[in-house]
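To keep things simple, chains are lettered A, B, C, D, E and F as they appear, and every chain counts its residues starting from 1.
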Amino acid sequence: MSVVVRNGERADRGAVEALAHFGVATIHEAQGRTGLMAPYMRPIYPGALVAGSAVTVSVPPGDNWMIHVAVEQCQPGDILVVAPTSACDCGYFGDLLATSLKARGVVGLVIEAGVRDVRTLTEMKFPVWSRYISAQGTVKATLGDVNLPLVCAGALVNAGDLVVADDDGVCVVPRARLDAVIASARAREHKEASTRARLAAGELGLDVYDMREALAAKGLTYKDGKA
Amino acid sequence: MSVVVRNGERADRGAVEALAHFGVATIHEAQGRTGLMAPYMRPIYPGALVAGSAVTVSVPPGDNWMIHVAVEQCQPGDILVVAPTSACDCGYFGDLLATSLKARGVVGLVIEAGVRDVRTLTEMKFPVWSRYISAQGTVKATLGDVNLPLVCAGALVNAGDLVVADDDGVCVVPRARLDAVIASARAREHKEASTRARLAAGELGLDVYDMREALAAKGLTYKDGKA
Amino acid sequence: MSVVVRNGERADRGAVEALAHFGVATIHEAQGRTGLMAPYMRPIYPGALVAGSAVTVSVPPGDNWMIHVAVEQCQPGDILVVAPTSACDCGYFGDLLATSLKARGVVGLVIEAGVRDVRTLTEMKFPVWSRYISAQGTVKATLGDVNLPLVCAGALVNAGDLVVADDDGVCVVPRARLDAVIASARAREHKEASTRARLAAGELGLDVYDMREALAAKGLTYKDGKA
Amino acid sequence: MSVVVRNGERADRGAVEALAHFGVATIHEAQGRTGLMAPYMRPIYPGALVAGSAVTVSVPPGDNWMIHVAVEQCQPGDILVVAPTSACDCGYFGDLLATSLKARGVVGLVIEAGVRDVRTLTEMKFPVWSRYISAQGTVKATLGDVNLPLVCAGALVNAGDLVVADDDGVCVVPRARLDAVIASARAREHKEASTRARLAAGELGLDVYDMREALAAKGLTYKDGKA
Amino acid sequence: MSVVVRNGERADRGAVEALAHFGVATIHEAQGRTGLMAPYMRPIYPGALVAGSAVTVSVPPGDNWMIHVAVEQCQPGDILVVAPTSACDCGYFGDLLATSLKARGVVGLVIEAGVRDVRTLTEMKFPVWSRYISAQGTVKATLGDVNLPLVCAGALVNAGDLVVADDDGVCVVPRARLDAVIASARAREHKEASTRARLAAGELGLDVYDMREALAAKGLTYKDGKA
Amino acid sequence: MSVVVRNGERADRGAVEALAHFGVATIHEAQGRTGLMAPYMRPIYPGALVAGSAVTVSVPPGDNWMIHVAVEQCQPGDILVVAPTSACDCGYFGDLLATSLKARGVVGLVIEAGVRDVRTLTEMKFPVWSRYISAQGTVKATLGDVNLPLVCAGALVNAGDLVVADDDGVCVVPRARLDAVIASARAREHKEASTRARLAAGELGLDVYDMREALAAKGLTYKDGKA
């Protein structure tokens, strides 16, 4: 019983762009260190940073038929999130699908499997975070689901969740938490700016974060290394 | 009983260069999705694309003596394919061997083990696809074979087979199939060009590939995501 | 019982810079192929080459408190070496800690765990060799040790040991062996220069290294590949 | 903000025991091939088969404090499901915790991390499915959550979900689907019994499942292997 | 273009049984250390030792249709060898297929993917060497090949090759080499028996194998460990 | 420059046997959670528990010559600890070497590489902890060292250190710490016995370990799961 859920809610585009401003490490902290995908999800080229509304696709191993189905459900600002039902390193996605997604305004792909045509994807500046790079093709024989909740690289993703991805990895933000996460990220960024200035000036984190007393209370001992 | 097979057949150079034009993903499709090495074979720098006739080298773990033996068997347009008899991450190959191979016109190295001096190799533009990068040196104590069939990263390679490698990985084409594969790759490329244009213009793969009926026949169901 | 050892010996800065000249593969050979870390230690960006005196930090899984403690112990020319007491992929280190280390003249970080903010670290040109890249943050709750001996990625590191790192990986040189290793590396580099020239001119390694007799004695056999 | 959810709903004990009768492979099929954990989750000894209501525990890497908190929430027939917030191979659990869980009637442990004291656990017949076996201890310094939804080894688990585990792995059944899954498993088991008898008598699956026509339609070709 | 090759040659049954007498380590040595599969191929229960003629099956990821096709090609004394066209951890095989193979006299299964129902397979004493154990089911949608050459776990297997498997792993013996390998294995076993007796009596391998002179020639040095 | 250190100090046999009484998890705790090897070191059969004085052997990848050299240095009560200079899965050790070691009173083998003949080793009750099981043989061509310090599976081992191994893994105890570790292990065991009795009687760890106040101070919150 395969299902495609159509016309789900998306977040406000302005809010999504605000999210992308911060990057994955800040977002992940700002929402209480939840939603991070496993670190084996790596970008195919360095320097990309995107945020978008998740269109989720559950695919069989070695079968990318449902990605073609999912393309039709994509809107500008979406990001495609694909997870196989069991571990698979096939190249589910290449430059033709990227061409199609670009034509629809999709901002990137997150896939816990393989991609191919990475040189062309890099030239197209279509960013992909994947577990593998592989030329191995897939078949179109078995159905899956589009826009049902799925687990991708250890993170639960619901359709319409916000997904942020950069060189540090991929993080999922539930749509309902978007405004709170942005506010928290702004506060964090503001605070870090002043901390950064102090550290750059030579102050120690031990003092900036006021750690010395707590360390001593735990029993930290100093001794001299020279005779 | 170690053997070096000399003076094996090579393919026509023009045909080999025609092959390199297409890239691994297209070649792999064009020959019926066979001959692809495992995706852990990665280029040491992005952007390289080569094709060459395989000179195969079977080496003991941690022993690169036979690579020196193999160099003498190389001709312009060859590609060296090295597989250890058991898994090994040592750095079998560095800038001196690359200098020697370049002097003989060899176009690249494929090795299911480690390489070192990767910064120099990158500066030399000598492309390598390897499983590991490691400074760990090897000994010269035990023999192996040159130009016998071997399995490298899961693919069977015979001396004189064509090997194509790019950012998507490494693929092996039996010499006897070379012309047929090139013809098939050309046809595929031609067809993809027109598909790409249609997708770029916003047509959906569901329509371009005429998938809707088959999906419905399999039982695909659409439902609305909003209340 | 957690300890911070202060004011340990460092090597002469000139000697350390001499070491960095050679790169990891040469250093590793020059000291008899010891001290190399496992090949899963990779640079976050290509092209960096550093050498420094090790400040060692043993940290609990998911807890970076001791890195803050270690910063205070760092001097110009040091390199921070961090190993978790059990395998961990968390992002222990980001741009704020890098800012602090840079302010103290630290030349780089080697960590058998994760780092984050890699785009910023790359822009700052603060080189890191790590096992993972991950945005996952850490806590500050449990102590560890600074400047005690530790095993990092399979290599024993004592505080004040020299650590060299480049695109080939990371190598540790005991302080007492520094002068001998530099001398040996110079000799090796000198010898390789002349070998490289001969190989580039087309001479074979079989002849340059005088291998033919030994190969024949081992029983290497040549046969013809054509009918 | 750490939370312990108390007194959640459990499934009817009779239904849970009915579930355990079938084993993981049958249950997984019966609920449409969903809910299976990754195959790296292995039993510490062969032959165990349990089903229970999930008590979920989210733990920091290297910190088992919340398992002690979770014990109090366990009731007879429960199974403890533990997932670290980032990958960790520490031994979170040993014979003392098992003694405590046994005293409360807990039927087993599923943990995407390490366990220790496995010889004693085996003697106690307290079954554990884990990713690692390790003697490495943990600290008690940082909080987590009990009975919130979590992802364990790639499967989403809600408190009160049914968890079945045997030599084939671990599968999660949402509580609301319990009766339907048992009915489906019974039907499947019944059908397989008659199939098994036919296959044991020498009938071929090609005929029992009536596959020959479909295979021919796909283009399957037979040829003779002898000259 | 999928092919099933029928009625290929098998080796003499007596010879096959002679082969099984020796075990994998001896066979592997006896044929010059070739044909061994990667060590991730593990038996589902300890103590099994089988030899049989290979029936090879190439399967798509997550699709076991061709195993059903292959069953019909099996004869008493055969062993089924299954390799997916790309890495896959699905459970391709369970107790129903084992029932069918047993009914045809097949002696075991070697599969570079997953199996399930391992408790039942163990009770049936149907031995399996696999890369994974997983309850994850497969589909029947896409064809593959039966009795074409394939690479399984790094070893080339032709239909009719002999496959030997025990607790040490899996080894492939080309049919044409069967008699020579058995003769060599007998000689090796005979020689090892006398060596074993000498070692058990306390003689040292250094003397039994006459190694002392060669070690000294290589420069081995002894020094005393006590002050 | 290869060295064999002879006649190093061993610990008192009675003390070593006292150590083996406790098992790895207790010993590891008793010495402050140091010295544990990585969890990929697994026993070839369950239930073994040994302690012995380490004879260390550093071997090249795929070369077991030095194990033969090391046998001569072994005394009753020793345990052989073997680490390759780079990662290797070859089968360095089989039943002949085990016969020789047994004849000398060696209690077991710890090897960060492969072993073979595991069925025979199991029948002989010669316990081995290894990273791999593999029939792949090794050569005897290159030297290494015996009884120099080495890193095995992430742990530093000096000749004469005590090594304890059981189903939980392998732990190294420096000889100088032996008596202190035994005393600490006894105290720990004594304390755990009373704790175990209380937990078995149904007391909660939260109360036995007096954790409730600390948890509340950290902000742990309870809420009800039912409507």
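Operating definition for what follows: a residue touches a chain if its C-beta (ideal position, glycine included) is under 8 Å from a C-beta of that chain, and two chains touch if they have at least 3 such contacts.
Everything numeric in this text was worked out from a predicted model, so none of it was measured.
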Partner chains that chain C and chain E have in common: A, B, D, F
Rounded Å distance, chain A centre to chain F centre (Cα mean): 40
Chain D and chain F: spacing of chain centres that average the CA atoms, whole Å: 30
Between chain D and chain C, distance of the C-alpha-averaged centres to the nearest whole Å: 42
Gap in Å, rounded to a whole number, between the CA centres of chain F and chain C: 28
Interface hub residues of chain D, defined as touching at least two other chains: 1, 33, 85, 87, 89, 134, 136, 142
Complete list of chain pairs which touch one another: A-B, A-C, A-D, A-E, B-C, B-E, B-F, C-D, C-F, D-E, D-F, E-F
Contacting residues of chain A [partner chain B, same complex]: 1-9, 45, 65, 68-69, 71-72, 89, 91, 94-97, 99-100, 102-104, 114, 116-119, 122, 132-137, 140, 142-143, 147, 159-160
In the complex with chain F, residue positions of chain E that touch it: 23-25, 28-29, 33, 36, 39, 42, 46-47, 49, 166-169, 171, 192, 195-196, 199-202, 204-206, 209, 211, 215, 218-226
Chain D partner contacts - residues on chain A that touch it in the complex: 1, 32-33, 38, 85, 87, 149, 151, 154-156
Footprint of chain A on chain E - complex, ascending: 60-63, 85-90, 134, 136, 139, 141-142
